[in-house]
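What follows is a group of structures, each given as structure tokens.
The same chain A turns up in both complexes below, where it pairs with chain B and then with chain C.
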Partner chain A sequence: MWRTICVRLVQMALVLWLLATTVFVVIRLAPGDPTLHLALDPSLPPAARQLQVERMGLDLPLWGQYVTYLGGLVTGDLGVSMHEYPREVTDIIAERLPRTVALVVVATVAAFALGVVVGRWTAWRRDSHADRTVTGLLVFAATAFPPWVAYLMIWVFAYELGWLPSGRFLTPEVWRDAPVTVSSVFLALGATAALVAVGAVVAALARARELATPRAVVVISVTLVAGVLGVWAMHPARHFAADLLWHAMLPTVTLTLLTLGPAALLMRSAMVTTTNTDTVLYARARGLGERLVRNRHAARLALPPVIAAFALNLAGVVTGSLVFERVFSWPGLGTTFVDAAVAGDAPLASGIIVTYGVVLVGMHLLLEGAQWALDPRLRTSRVAAS
Partner chain B sequence: MHYSWIRRAVVLAVASALLAACSSSQTPPPSGSDAPPSEAGDAGGDAPPFVYEVGMFADIAAENWWAYLDDADGWSGFVLDGSACQLYELTPPTSVVTPQLAAHDWPQPERDGDVWAVEVDLAGDATWSDGTSVTAADMVFTWQTVNGLELGGQWLSFYEPAAREAGLVTAIEALDETSVRIEFADEPGLGTWPMAVALAPIMPEHHWGPIVDGAADVSELLTTSGAGSPVCGPYEFVEREPGAFVRVVANEDWFLAGTSYTHYADGTVAVRNDARSIDERYGASSGDGADEVVAEYVTGPNADEVLYTLYSDAAVAVGALVDGEIAFLLTGPGLDPAAQDRLFDAEGVEVVANPNYTLQFLGFNLERAPMNDLAFREAVATVIDREHIAQTVMGGAALPLYTRMPSGNTAWFDDAVAEDITSRWRDFPNYGARLERAVEILRDAGYTWEVEPTVNGETGDLSQRGAGLTAPDGTPVADLELLHPTAGYDALRNTAGLFTAQFIGDLGVDVAATPLPFGELVSRVIDPSNLQYDMAILGWGLGNPALPTYYDMFWRSDAPLNIVGYASDEYDDAVARFMQTRDLAAAYDILWNELEPILDADLPYVPLFDTPVVEGYRPEEITFPYTEVLGGLGNQGGLRALVLAPE
Partner chain C sequence: MGAGPASADVTRGCVMNPRVSADLWRGRWVAFSRDRLAVSGVAIIVAFALGALLHPLLLATVWDPAIYHPVTGNDPQPVARTVVDTITDRDTQIDVARARLRHDPQAQIGDVLDVPRQPAPPSLTHPLGTDPRGRDVLSQLLFGARTAFALGAVAAVTTVVLGTGLAAVAAVRGGWLAALLLRLADYVLLLPAIPFVIFASAIVDVSIIALGVVLGITSGLGPTAIVLHAQARTIVVQPFVDAARLAGGGTWPVVRRHVMPHLAPVALLSMMTTVALAIGAEAILSLFGLVETSMSWGVMLGVADAGGYFADGIAAWWLLVPAGGAVTLLAGASYLVGRGFDTLVDPRLRSVAVER
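Moving on, here comes the complex of A and B:
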């Protein structure tokens, strides 16, 4: 087992090195110069540009810049932003990442939770009118061009109906002289969501293992939600949290709808393959109700590929936020990357890509670990192979 | 039974949450138009403050003056400009130099031993927003910090314009609390004094001194937030949420508050402030229009605060202005035609268009043939129909330009000389006449064709494109490349590139119009020692409108921004005198009697067009004392020290 872990870690390091090197080469060799604005200002002497070139280390040969860059990566130093000179890239990423994660995690969890329900429902009514209608809508959601859907949602809900805000991620008038920071409220909201999620999982497990009656599960769940809502309702930062949630609603719903299509279709196709398995046949032979057979037995067999897709989607949507955030004026990592790329801010752009890489590779590693832990066949085959 | 239990529990939970939400209201309610509906009912209380709501579509990169000027970021400038004070200022809209901290009009430098020096008395009544006096020591501190920490960017243009000036600031010392002495290595021209060091912002030593002393390196100073720093301008930066908004609040103790400025057409400004016993008229009078008022206002600050809201792009920001979310939009690099149309069509939005201070041009690489031949350049300048490009092709979105000084800079523009220059290139009855004149220029210079361009004599249109142009020495003119920006970056210059290539192609030269990403385009053009192009369409922002030093930066033989390889002893001599004179009238004469005529004869550039700045504001929210200003209202930071609430 340790050998496998070591091999995976070495592979991970190699992938990240390859990514970092590719990013460095592509960005540094791309035309453009982050000090160009200094050269184009007729009121500035040439010394102004030269000074900035030296400060940013752009006067070093390319290999020298590469060594500095790699050395920084090893120590977790992604360098200094050129556009927001001399602010640390890690500082900027730490500021923007929670905003992206908040949007992506909520939307992905919601989409997959809904997707599992919708997918198993349609699979159980395979080839019915309801199945065809819902599956058609899901296919549309899965294949629609995301920015188009985003603009459509903005047009309908923000401009035509005026129900939801767009164009900015908070209301400045609300946040004027705020005693809390945006990041702290995001973190508090994230912690709340995590608490509720953990509660839901515990309740589900307790119910599945028959450690609690249905009534007890409902009471505990409702009490937990009510408690959380109550705490937030009395919290001095509730206006700020409400404002963030209000602004996050349209992008979150849109991203949820876009993610729901593939999730539900995957669940549906996985469920379809399980309906004729021996397990389901045996469950039916035992005289169990259709609902129980569907939710307890068929759905459980269909879940592993959906869980794998969920994990990868969680990482993938972070990268997909590049365009999405821009459309919704959501100043997360995606928007920051686009701005950095346009401004020729090589350290910030490459720092964000490397961060994306670390998230993706990390999620792959976690997924593999989870599969290893959950599926005894994998452990057996690996041990035999080694 | 089972489900009724659940229903009861859910109702109880929701009710308890709602009860808790309604029972406490410790936080001020939001007033924004898109605030959550549940919060809207909390509004009430005192009369609302006058908040000037401004939109922008790029975040600021600097939170203090040191960082802003160190990297010359324009968006930071919108927010931070006006919070500092200086000895003198360029007073909008005519950009006349008037005293700010100084007690009197700018004195002339005098020789003092080996150096040139100027001594300036401060009025002495200026204070920082925390009540501390602004002293000569603050100016010395600022100068020493810039030098000691080797700050760059715009700071260098204030203190060390050695590359473009005879003068060099060598020392700034405080003679006492209210007088300062500035030394120059050589006799300073107008570009050094007063147009550079006299306009340098001054920082409060009592606030920044300990920070500078404790800073391990320059980065520490540059990343320190300017929130809380005392200011001596009308507004104080107090708060920023990255990616969302920036807020500045009024400095109620601004020493220039309540000062009235009256700008006259002759180029002078009357300044009056009874509380400070000031009643003076500044600027050199041209003699015409001494009684004709161009603009008149009394300084605020009238808005209690200015709230800059950040939008992700121009289209969203324009939507916010149209919807009434903001009162004014800073347009930065400008709005595309679709966004401009949206402003024109919007109800409740007043649109103003002002001349810009830019020069869009066709540049020749004079190190390559045939661009190094004056006859070729003259033929090209003749055949390009600038009226057609600007008025017909661009639909009036640009103004044709024939001089290197845009007409929008009324203080420096000479109508008579400019008309002489313009008529040379503009006044042709039709395109055929223009083409025939260009062909004649080339033929007289010895050029020949395989197929000579011909014109339909009746319609005046092109009848036959030329082909196979051959230089006077018998060498066929090689295919040429015309670089220009992509349509995505700048649709107007992209269009100009396509049409210019077509016009030159009519002369019998194969010209490939090549659109390039802006960074790549500039990197091929910008280095005077390595010019990698034939012809290029680019644009310059022209800097300080009060003194057009760009004539020195762009066309002096060894100038760092001479990107065409132009070299003329006659021009170098004239521009040196232009930069060294200490008399604005003399500089003006040199510009129009020597610099412009020389450049118009030698044609290193063909000026193409200037683009007006189109902006919008909501009159029911704000009013401006004037709206006609070079570069637009945004170029003046949205006139935040002058903006008024509607009556």
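Moving on, here comes the complex of A and C:
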């Protein structure tokens, strides 16, 4: 097993190396000299340009630049952004990544939880009118052009109804002279959500293993949630936290809706193939109720591909959020990336794309681990194959 | 294959009986044509293709290129507006500052100016109205279909050629070559494709064709190759493949005559998924002006976005609904057709009504 893990890690390192090298090659393909605009400025002494050239390492031969670049990646030094000069690229990424992660994680979890319920409902009523209607709607949701849906939501909820803010991350008036930083409040909120999630998982496990009675689980959960809410209600930064949550509402709901389509369709198509399996027939033959057969047997068999898609959707931090964040002016990694790309900010854009690579690769490793843990067949087949 | 009689002898053993082949495809067509959603997907694609073909004809006959050209055309459709201090009626008035800046520096309050109406709502001359630069939206929509088909075709061909090639070679040859190719597919699967195109577009110009090739490569060498390889492996162990080999068929003829026909539905499914992906990706990239193309559905949305018409909701619907709807419809139709192909491979997916 340790051997498999080591081999996987080496392979992932290779993927990242390949990505970093491709990025380097594309940057070098760019026509022109990055310091040319400095040379065109007549008020700038040549010595200053020379200094800039040396700072960017452009006086080195190509392989020297390549080694410097790879060394920088390994030590976490991604250089200085041009677009948001003079901030460090690592600093910008550390600030923006949590915002994207929070948005994507909350929306993906909500969408898949709903998607499993909707998908199993339509699969069970396969080829009925209800199934046709709902599946048609889901296909529309899955194929609708995302920015279009996002703008539609903004128009309805922010302009026509005026319930929610039309994007942005916070209200500047509220945050003027704030004693806390935006990132610290945001991270505290994220930590709270993670705490509640861990609590929910523990409660579910305790229920499944029958370690606690249903009543005890409910009492403990309610106390915990009330405690967390109470702490926030007393906290001096509560207004700021409320402002952030208020702005996060519309993007989160929209991303959930957009993810729901593919999630439910996948659940449906996975479950359509499990409804006529022998397992389900046997469950029926044992005289189990229809609902029990559906939820405990047919749906459970359909879960593995859905779990895989869930993990890959979490990696949608990469592609899914690109347009989406920009439409909602959500200052996450996607907005930063598109802005950097449009502005031709090579250090920031390449730094973010390597970050994307790390996120994708990490998610893939986690997914493989999860499948290995969940599906015993994978373990035996691995052994048999090698 | 070779022209000499010797090579014809060798390949004769692995020629699929034409009647069997025809029956295979006829059976597939019957099953496919019973899938109503897939057929409506085909109908949508055909409708867009007809529109794309119609466009140059219209431009050559009834549409004057000076007015109707999707990129350089312009129809100002002037409207008489009174110059006023504060606007009370948007349709007949224009405020004095704007009139002086944009139309006539000497404009006085009370003057009547001929102001171009851009964007103009649908009318008889422009069935879908004009865009913020006075260009006909219907003409752009039809021209955009051509761009979408060009992109889709390039992406589809690249995907299918690379995907089937890699999968078939890996499945038939096996050994170190298969291991190498499958590791390559793993790598490509993990590369962030769309961010990479955005990144590349910041540095070099990305054309529609280049975009199609890049998306085709990332799909063909990645997910498509993996799915097709899984399918190909179940085919190469079938008795008829052994029979063809025993009859003296070489690797390539066996792949072409016996493996490929059974790989086709899955390949078509992957192809349609890639087409849907490519159309959506192009629209997203063009929305931000990251693709070098004169006109496409994404560019239409980008123009509306740059003018701030998205925030107006449905007030300027003809700028948003045709282009957004076309992207959604064509991508959705590709998905439905692909799903129809999927049903052919996996009989469990066929609806109960068909089996009866």
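Assume the second predicted complex is superposed on the first by the 334 of 386 C-alpha atoms of A that agree within 3 Å, B and C clash if a C-alpha of one lies under 4 Å from a C-alpha of the other, contacts with A are read in each partner's own complex, and residues count from 1 in each chain.
Methods note: a residue touches a chain if its C-beta (ideal position, glycine included) is under 8 Å from a C-beta of that chain, and two chains touch if they have at least 3 such contacts.
As the structure is a prediction and not an experimental result, all values here were calculated from the model.
Considering which of chain B and chain C touches more of chain A, the answer is B. Using the contact criterion defined above for the overlaid structures, shared-chain residue A:F169 touches chain B, although it does not reach chain C.
In the superposed model, A:D77 makes contact with neither chain B nor chain C. In the superposition on chain A, A:A346 contacts chain C only, with no contact to chain B.
Contacts of A:E368 after superposition on the shared chain: neither chain B nor chain C is touched. When the shared chain is aligned, chain B comes close enough to touch A:L44, but chain C does not. In the superposition on chain A, contact of A:H239 is made with chain B only, not with chain C.
When the two structures are aligned on the shared chain, A:R215 is found in touch with chain B, with no touch to chain C. In the superposition on the C-alpha atoms of chain A, the part of chain A touched by chain B in one complex and by chain C in the other spans residues 30-31, 159, 166, 326, 344. Per the touch definition, chain A reaches chain B in the complex via residues 30-33, 36-48, 51-52, 55, 80, 83-87, 95-96, 99, 159, 165-177, 181-182, 214-215, 218-219, 222-223, 225-226, 229-230, 233-234, 236-240, 242-243, 245-247, 326-331, 335-336, 339, 344. Chain C meets chain A in the complex at residues 183, 186-187, 190-196, 198-204, 276, 280, 283-284, 287-290, 301, 305, 310-314, 320, 324, 327-328, 331-332, 335-336, 346, 348-349, 351-353.
Partner chain C is touched in their complex by these residues of chain A: 11-12, 14-15, 18-19, 22-23, 26-27, 29-31, 126-127, 139-140, 142-148, 151-152, 154-156, 159-160, 166, 269, 272-273, 276, 318-319, 322-323, 326, 337-338, 340-346, 349-350, 352-353, 356-357, 360-361, 364. Interface of chain B with chain A (complex): residues 2, 5-6, 9-10, 12-14, 16-18, 20-21, 23-24, 26-32, 34-36, 38-39, 51, 58-59, 61-62, 67, 70-73, 150, 152-154, 156-157, 160-164, 218-219, 222-223, 239, 241-245, 247, 307, 309-313, 316-317, 319-320, 325, 517-520, 522-523, 526, 540-544, 549-550, 553-554, 560-561.
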